[in-house]
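Each of the two complexes below includes chain A, the first together with chain B, the second together with chain C.
For the complex of A and B:
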């Protein structure tokens, strides 16, 4: 599977929640050359497009672009990979009781 | 002392490296048809490239990341691939035009057909990329390119009616035969020639090649804010020469020899020789920059090791890719396609592709995660946003204008 298979997929809890707008990886340590591990998916209720990284921090400039992108992706949230119950082509079903996390980086 | 020498050298190479075949041809064509009435488009383009290159250079120096690494990171895979394809194709077209430019300039020196020079020009470009140190390559091409100041000297020697040139720049010329759409087509072309995307790929990747850090920000700013505007003055001098000599005679420029005609009239053989040498250096320098940019864009996007600071064996795919691009460029030129026309089309498509690379750089230049305290200030963001609108307008208008005017015919 490649990331493009996931991006834009429709995500369902019990009901429709939104689209996969990005995926989040993490590195276990600072060592160079290790492979990144998939942490979770970013779900945007209104837009399939990329949120250009604005979800990662509180950056609000340059003003009209940041405002537009933030508005398109309002209500975005992060769901851990382990909260995915079923993966199909173009459709992702989340486990009951999945957790909505903030998309901002800690 | 060493530091101020470094700053001066950087500025000089920025001036010499600013003008390429696109600027040479487009400015001369426009000067011969519209006088200096489109001088404003050069000014708008030069301020634009200053804003763009200043941001890209700062991002590269502070974050250590070059343009296409950021594009892939920020735009998402689909848009980034579209972006890469468009930028790469336009860069390849510019590369072809620059090699054609070197060959045409050598033809003027030798009277040997330019097609015979094309493979040698490409071979020379490859050898330099393979063997010569980055800083030497950049400095030599930039400093010899400074000989294009001959255009400014030529303009003074022609002792034109400065008032008339000024009037053209402010009020425009009465060109009954030219349509409004053609005027705007050439405005976009001049804008694209001044703001060619490869300049930014090269400038930001070059900053990484030379290991720039926050300490080099002042140098980067001086190169851009002093060097590029002075380079822009050379563009205006080229247009001015054409406006003084060619416009009254109704000679429209279709060959490189016509670009130099006014200089030959003004300064004779000596100045002509100086200019030809300058053109060879400027186009060869730009051929080097575009070839490297072809390697930079793809290698950065795909995460390959890249850069001249690595031995070729450690960046094998990067070097192989550049060799393939040179071969494709040579092959295209050997079909007999007119390099001047390739140039004219490439500057238009440069304008089309510009928003794709401008936007991610603008966004990252505002992100403290990458930039720390060196994020864009409010004033710069204001100017940068005005330019975003101009760049979008030029990009949207470019292809319709190309079709309506039949490429400005």
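For the complex of A and C:
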């Protein structure tokens, strides 16, 4: 599987939730050759495109761009790998009772 | 809403934000590619994923003919993409640094082919620009492409 199989996919819970706008990975350390494990998918209810990270950080400038991008990606959330029930071409189904997490990065 | 990360020591990477379109430098800081895609380990596709299925990991950075599919949609054929193993990555920042030289990577094969088969056959094509004749005579056959 390649990452573009996931990006832009339509995500469904009980109903349509949004599009995969990014995929989050976790490295346990930064030593050479460390595995990068898929942690979850970021879902944007309104936009397929990348959001430049404005909604995942405290960056507020340049304010017109930050405000526009935050508005386009309002309501974004993260769903962890364990809440993904099924992957299909262009479609992801989440488990019943999936948990919405904040998209913010530390 | 619960936090999207946890307190484990480590590093969080978002694919679009931190990896895709980043320039890749080899061990000598020579640019070798741009990250066009990421290859993941196999996961169940078109079937239910059991809750204890381990998450996929990144196995390789992919570079190649991706611009057409980015503009017009679709999926680039995997045979047209060049793989750089994830195990070769040593640093991720503004650029992605590798622990290996470009000559060991598949993605530089076209440059090596042009260097060896075309440039190297032109008289004077096997010397390295900027080096004196005495420094390279007979000792370095890498060419100067």
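Everything below uses one rule, namely that the second predicted complex is superposed on the first by the 104 of 106 C-alpha atoms of A that agree within 3 Å, B and C clash if a C-alpha of one lies under 4 Å from a C-alpha of the other, contacts with A are read in each partner's own complex, and residues count from 1 in each chain.
Basically, a contact is a pair of C-beta atoms (placed from the backbone, for glycine too) under 8 Å apart; a residue touches a chain by one contact, two chains touch by 3 or more.
Since the structure is predicted, the reported quantities are computational estimates derived from the model, not experimental observations.
Overlaying the two complexes via chain A brings chain B and chain C into a clash. In the superposition on chain A, A:25 makes contact with chain C only, while chain B stays out of contact range. When the two structures are aligned on the shared chain, A:74 is found in touch with neither chain B nor chain C. By the touch criterion stated above, A:53 is placed in contact with chain B and with chain C alike. In the superposition on chain A, A:99 contacts chain C only, with no contact to chain B. Once the two complexes are overlaid on the shared chain, A:62 sits against chain B while remaining clear of chain C. Which of chain B and chain C touches more residues of chain A is settled by the count: it is C.
In the superposition on chain A, A:3 makes contact with both chain B and chain C. Of 25-33, 79-87 or 133-141, the segment of chain C whose C-alpha atoms clash with chain B in the superposed model is 25-33.
Chain A residues 3-4, 7, 22, 50, 52-53, 56, 105 lie at the interface with chain B in one structure and with chain C in the other. Looking at the complex, you find that chain B touches chain A at residues 73-79, 359-360, 362-363, 366-369, 375-376, 381, 384-385, 388. For chain A in complex with chain C, the touching residues are 1-5, 7, 21-30, 32-33, 35-40, 42, 50, 52-53, 56, 77-78, 81-82, 84-89, 95, 99-106. Residues of chain A touching chain B in their complex: 3-4, 7, 22, 49-50, 52-54, 56-57, 59, 61-66, 105. Listing the residues of chain C that touch chain A in their complex gives 1-5, 8-17, 20, 37-49, 51, 54-58, 62, 69, 75-76, 78, 86-92, 99.
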